[in-house]
């Protein structure tokens, strides 16, 4: 049984994330999407809200589980007994940063946690959670960026 | 059953390739390493020699099969009924080129062939088949780059 | 009549910006340089000061108008009925970020707002508003970075 | 009257090129698309064939003219009395190379020839003339890459 | 006598920094490692603590001196009468940023302060002060990242 | 005594190379500029011609010696008993490639040959030997790229 973790902020989940989730769920037998509880950042949505949104948005994917964690990914993965992390790549700057994280995680887990990268689909390459939030904060149309129920929750936050 | 293809020139296989092969063989149930028969290039080793070297170098990995192909990767993968290609990433220039290939393959296979990337281990980040060949051609020491039996075959070519 | 917008922070305007403004004013019939009123940042100069500096620094360019805006660029451009945004490019990191913004703007304006990029002249490639401010804050010489009257206004802020 | 040149190999023209041509034809009053006759390369199509394909593919754009040239772009632009070159950007590697060319052209034309960059539309970001030719050479489907009449001409070459 | 400065935050010094220091101390006759007192950042360690750690960690290198400075590097280097700055390079993003700083320093020192770059050793390429601090803050093992006495001082801060 | 090697093709030497040579000659006590005799390339100038041009162009720098070599740089540096190689950096693509070479040289010389990088001066950032040759081949003006006597030798080759 091949399992993988897809960690991230998902503040909120976008169609770009959902594209990675769907593709990773086809490549692996089990996929855990896990919201990072990063105490040094001020998110728009609470961890609970983000977990709930992810659950609703992935309800058609039977081998996908939603979870959350704080602390180091390598500790979380070890506890879950999972050896593969998934990350999506959009751009060069992403790549450099993600590469460093991937090397750090392999190093500090003694090779136990490997990272595999998927490239973001072209139609979502322009998308990021922060872009979606900025556009929504000025009342722009985000219907091509996030599922409708997520969009409604974002607009509510900015009202 | 999760299967993947690792396509490449492998002219010749290096410890960098073998690191990717070993890690991919742990992530997938079955891994096919396949030598691309690129008729527009002049390789040092024939396709047959490269297949033979790969077989010997991966003989301890029971879920790894060695093969070769010519033509488009998407046609080969469709015939094999495999939906995932593996690629190793070393550097920015790699990344851009590999990203384009991955997008092209997803596009032209109607989403059937996805690519997952692994990052080259740091200790092999300096390694490429062409570096190994250049050093060997000047009688340099390549024992940390390739298995011994591969090294002997390279020196023989340059004698 | 071909019109374009050059949006930016211009906090303060540098010779690098003025080089882009002059060149863009030769390529387009009308150029609107517009100061972004970004409420999440703490600028050194108020929007009004930045507009005034730009007006003085571009007074010899008859087809250049200075303005300011808040909110999304695509909304501002639609209201102005302008279809082209100008951006200067200095470096790779710039490029990735700017590319994403340009794609986002084309996408969210339904193709109505396109972005054209000019490359920063080599003699100004080292220049950024933040570098100028840092050097001025330590009483360094910025006479080759900004017009004299801008320099005086910067030193005044740090006194 | 604002005029621009879009120079390139166009061997053959793809939907990616046509996207740049259409967008540039909206930004400038007159656009000259000009095939570079590069004597050091072996193209698939002759300059005459490439000019003919471009003419047919842009016949609906009244302000677009097709031409060809050999030698330096700055000499050709000076003879045509045009001060702006257009280039499309796809990726980092592109960017670095194109930036150098743009700086060289500004330098060697004494500032007379400036370059403006447009970013390739996401849906064509995977496309290049050489990718199209490789796929066609293996009888792959290129109907989403080039106009039908161009596709037929490519297959004919490989027959 | 060839002297050089290696400026940085060193918050705290890592094996990556120590690798650059050792190599630079072999290339130059005298090396001054100097802690930047950046008043706009909140460091984990005071300037005095960072100087003390560097002194202990480089006590076996007789031609290395530890110092600290605030303000512009070019002013500090001029006062010290040193014409070369040393920087380590890890990645693309580093490179762009460092390149801009190096050009700025050459420009604003009238060519008196040049920068030479060394590439970080592969085994330390994953290392940064902030990675070390993040891992330590979750009680992770940092013994391969920093000397033992530095490690103890970091853990103490997070207790 | 601190000595360094600046290896390269120098086909032909440009003002960009001469800028690196002059700056490196101030940083090191002795600088050996050495022409690589690469048998797999077809240069415009013979190794002898390139050595002669470099000697004339650096005749005012007493601590610069001109030489040539074939084979691996690490073997040449070991024979010369020199531990530092100099390289100039222009761009991202350069950087990746040069980084790999530097790591390879450190690795295969057991840490004996280190590489230091200088950044190309902005006014020569557009310059490369191949650009100069292309412009000269079309009779363009290269007087700002190379010393006059080098320019005459290039035009002669293309006559």
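Here the chain labels run A, B, C, D, E and F in written order, and each chain numbers its own residues starting at 1.
The rule is simple: a contact is a pair of C-beta atoms (placed from the backbone, for glycine too) under 8 Å apart; a residue touches a chain by one contact, two chains touch by 3 or more.
Note that the structure is predicted; figures quoted are calculated from it, not measured.
In summary, the chains found to touch both chain B and chain F are D, E.
The set of chains in contact with chain E as well as chain F comprises B, C. Of all residue numbers that take part in the contact between chain C and chain E, under half occur on both sides, making this a different-residue interface. Equivalent interface to B-F within the set C-E, C-F or E-F: C-E (over half of contact pairs identical by residue number). With centres set at the average Cα position, the gap from chain A to chain F is 47 Å.
Centroids of chain B and chain D (each the mean of its C-alpha atoms) stand 34 Å apart. Distance from the chain A centre to the chain D centre is 39 Å, each centre being the mean of its Cα atoms. Contact with two or more other chains is made by residues 92-93, 96, 99, 103, 122, 125-126 of chain B. In this structure, the chains touch in the following pairs: A-B, A-C, A-D, A-E, B-D, B-E, B-F, C-D, C-E, C-F, D-F, E-F. Interface of chain A with chain C (complex): residues 90-93, 125-126, 128, 131, 134-135, 138, 140-141, 144. In the complex of the two chains, the chain C residues touching chain D come out as 2, 23, 26-29, 83-84, 89, 92, 95-96, 99, 102-103, 106, 114-119, 121-122. Contact residues on chain E toward chain C in their complex (touch as defined above): 71-72, 74-75, 92-93, 96-97, 99-100, 103-104, 107-108. Within the complex formed with chain E, the chain B residues making contact are 92, 122-123, 125-126.
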